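So, here's a batch of structures to check.
In the two complexes below, chain A is the common chain; its partner is chain B in one and chain C in the other.
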Partner chain A sequence: MGAELKDQLYGFFINADKEGAVNLLEHFAEANGYEEAVKEILEPALAEFGDHWTKVGDISLAHGYIVGKIAEEILTKAADEKVKNSSESNEIKGKAIMGNIEDDFHSLGRKLVATFLKASGWEVHDLGNDVPAEEFISKALEVEASVIGVSAMMYTTAVNIKKVRMLLDERNLSGKIKLAVGGAIFRLRPSLLEEVGGDGTVGNALQAPELFTRLSNSIK
Partner chain B sequence: MTGLERVFASVTGDKKDYPAISLTLSLYGARLTGCSLPEYYNSSLKYYEGMKAVKERFNPDILFTPFALAAEGEAFGSKAKYLPFYAPNIAKPATLSPKELLETPLPSAASNERIKYLYESARLMAKNLGKENAIAGILLSPVDLPALIMGLDGWLDTIIFHEEEARKICEKLTGYFVDRANALFNEGIHIIALPVIFSNPAIITKGIIDSFVLPYFSKAFSMVKGPLVIHHGGMQFNNYLNKLKDLPNVAAFAIDAKDKLKETREIIGKEKVLLGNIDGPSLNRYSVPHVEQICRRILDDREGDNHFIFASSAADIPYDTPPENIDALLKAVRRN
Partner chain C sequence: MGMKKNIRCISCSIFRHSLENNEFIKENSIKVEFLTSMLHMRPEKLDEKLKKRILPGSEEELTLLLYGDCAPGMCDLQNQNNVKRVEGINCIEILLEASLYRKLRKEGAFFLLPEWAERWREVFEFELGLDEKIGKQFLQDFQTKFVYLDTGQKEVPIGLLNEISAYFGLPYEVIELDAKILTDKIKRLLEKYLYE
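On to the complex of A and B.
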């Protein structure tokens, strides 16, 4: 049954049908709880959607936005349900700092990444747009984050990410804090990852949790 | 032939001495005159002097009015950040709600400094440079402009989840677009280029493009008194160009450097003007031989295409582009 519902939900994602998707998840959650809805239906459908986004390439930013909204709504309810039913605090996968690099103001991609990171259990500290390199580092040290995620849409602003790499190296933090980079320009120019000194990048927001987890696990 | 004659011949399909050339040197004019960018993007006289310098130094056949889309957002209250070597960028959208945007008075050249700057720059260019060169204005469609006012996510959210408000906004901005475009044509500019984002299936769903975006394009474009160039807006174009090719008053398409010229020609037909496709923002990284090689490939591809204009694709040619690279490009095309 879970597989069938997952397929239905995936269909709602592809058709950009938020109402249909939320209704399906709510209906399942009424009988089985939100945590089960997330585990049995939402997460597998998100994984398939992310795979489709990466491999087929016919998914629009609007699709990603809608799916992000669906995930946000259901995961918030799942978190509330968990708090209500348990005295244990939710397990955190890791702590991440997010922001658009200095001079960059294209926030949508960053917000989507933050949504999907939170959805998969990350504690995200979003610093917003136009963030100087120093601020990424000081916040990461303050909250003991393992990954800094920096977003830039254009080449002209992406090169400012080099400053984050430089500061991490200067302060001997490169083995302790990993640098994830992303934004449209990294898809257009794959060599930019190396140019700015990033530790990793992904093609879409849904792949971000896997990248952040991998980078975090690589810290010795 | 003058540049203007060469561009007109590209529209009519008549023979030319060499293909018409369109280079996005809007920003580069500031480098040639040594003007600071905040002044350049706020003084119509300084901008005009920059374009005059571009004409004197390179003489591309098409000259652009300010490629400063942020100014369109500033006119509605968005805040821009001025950078030392790049065109200004929207730092903080006005983030108007749909209701607030609908209640906001529309800016005009008489009431708003940013629109006055754009309008005056175009007027000076048309008057003083427009006899020999084609002058291209730059505008945003009624479906694309709200992103600079409400923010990309604000506008995306409105289109997706609040269709009625989105339609009211586009109705309001359709009249604004038509008035702005026709005012530019009345001052003597020759074409208007429209970078389009919200008609690209990489941004918005195909269903919304068909049911929402294209009808507004049709309505707005049909009321404009001059030719329009649809610009790819920084993304590949060919996969949805068939949706745009028959829109009213659209005479030309400027494609991405990754799109295939031959494929585009097949999609748009023989008589529409095709512009492309050396990547403008990469010109500062290329060597002269690399520029020549790309030019040769493009020219070979378009040999015999009388409706082709050799153009830089995407955004501005960067400020730090060696002039030798631009010279090499011009030489390669002009000896063709």
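On to the complex of A and C.
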């Protein structure tokens, strides 16, 4: 039954049908709880969607955003349910700073990454658009974040990420805080990761939690 | 003073209205070739088209690119000796004062130029796959208003703007563009190549 519902949910994802997807998940959760809905249906459907996004490449960012909103809505309910039913607080996987680099105002990808990170148990501090390098560093130090995630859509703005790398190196923070970078231009110009001094990047937002966890775990 | 180089301009069609009656372009016999603005949605294809049109290393000819940083290889193209790209991250920043662009972006503006206003259904529904319901939610999550940039070459399409505004549930405002901004940017870029 789980596999059948997963397929139905995946169909809603592909058709960007938010209402259909949320109804299906809520209906299942009424009988089985949100945790089960996440484990049995949402996570497998998201994995399949992520796979399609990576391999077929016909998913627009806007489409990805809709699926992100579905996941966010259900995962928030699952987290609330867990808190209600347990005396323990939810475990935080790590702390991350997010933002679009100075001069960059393309927030969609960043918001999507933040959604999936939160859904995976990360505490995300989103600084918004047009964020100067210094602000990324000071916020990371303030909240003791292990990863700074910087987004840029175009080459012209992406090169500003070098300033974040430079500040991390200058202050001997490179071993303590990792720099994840992303945005359309990194997919289109793979050499840019090295050029700006990023520690890692991924092809789509669904892969971000795995990257952030890997980078965080690489800190000695 | 005579012309030093032949100058051709490859431009995004989004600038058509701003260029067609531009005196500086006419006076200097700059031939303008337009590529459809829909290529903005397919940056790799735009890259390909531009590379095909720009011949490497011509001594006699200079290519002026009227584009923002809209293709992944734009920086490589503009670094060629015989190519110059007008200053600006994107078409809006090219047409506006940088400070006004920044202010409006911070306010959450979604910009519309005449061509994209006319083709808004094609852009949102076909290219972005946003129907009214999803589009409303999507835009309202990111933007606070539409800003229509009036090039002065066409009547402001009030009816169309009302339609777009109602569809997405966002207000709109109209800003008159100062044509001198674009002309001055082109002049600054070409000055040393135009005259001996």
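By definition in this document, the second predicted complex is superposed on the first by the 220 of 220 C-alpha atoms of A that agree within 3 Å, B and C clash if a C-alpha of one lies under 4 Å from a C-alpha of the other, contacts with A are read in each partner's own complex, and residues count from 1 in each chain.
What we mean here is this: contacts are C-beta pairs under 8 Å (C-beta built on N, C-alpha and C of every residue); 3 or more make two chains touch, one makes a residue touch a chain.
Computed from a prediction, not measured in an experiment: that's the story for all the values here.
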Original post:
When the two structures are laid over each other on chain A, do chain B and chain C clash or fit?
Top reply: clash
**OP:** Have a look at where A:156 lands relative to chain B and chain C in the superposition and call it first, second, both or neither.
**Re:** both
Subject >> First, second, both or neither for A:39, with chain B first and chain C second >> reply: neither
Subject >> Touching partner for A:18 - first (chain B), second (chain C), both, neither >> reply: both
**OP:** For A:214, decide between first (touching chain B), second (touching chain C), both and neither.
**Re:** neither
Original post:
Touching A:105 in the superposition: chain B (first), chain C (second), both, neither?
Top reply: both
Subject >> Single chain B stretch clashing with chain C - from 8-16, 260-268 or 314-322 >> reply: 314-322
**OP:** Residue by residue on chain A, keep only those touching chain B in one complex and chain C in the other, then list them.
**Re:** 16, 18, 60, 62-63, 65-66, 103, 105, 107-108, 111, 129-130, 154-156
Subject >> Of chain B, residues touching chain A in the complex >> reply: 81, 83, 85-86, 89-92, 151-153, 156-157, 159-161, 201-208, 281, 315, 318
Original post:
Where on chain C is chain A touching in the complex?
Top reply: 43-44, 68-70, 72-75, 89-90, 102, 105-106, 128-130, 134, 137-138, 141-142
**OP:** Under the touch definition given earlier, write down the residues of chain A that touch chain B in their complex.
**Re:** 16, 18, 58, 60-63, 65-66, 103, 105-108, 111, 129-130, 154-156
Subject >> Residues on chain A engaged by chain C in the complex (per definition of touch) >> reply: 16, 18, 60, 62-63, 65-66, 69, 103, 105, 107-108, 111, 129-130, 154-157, 184-185, 188-189
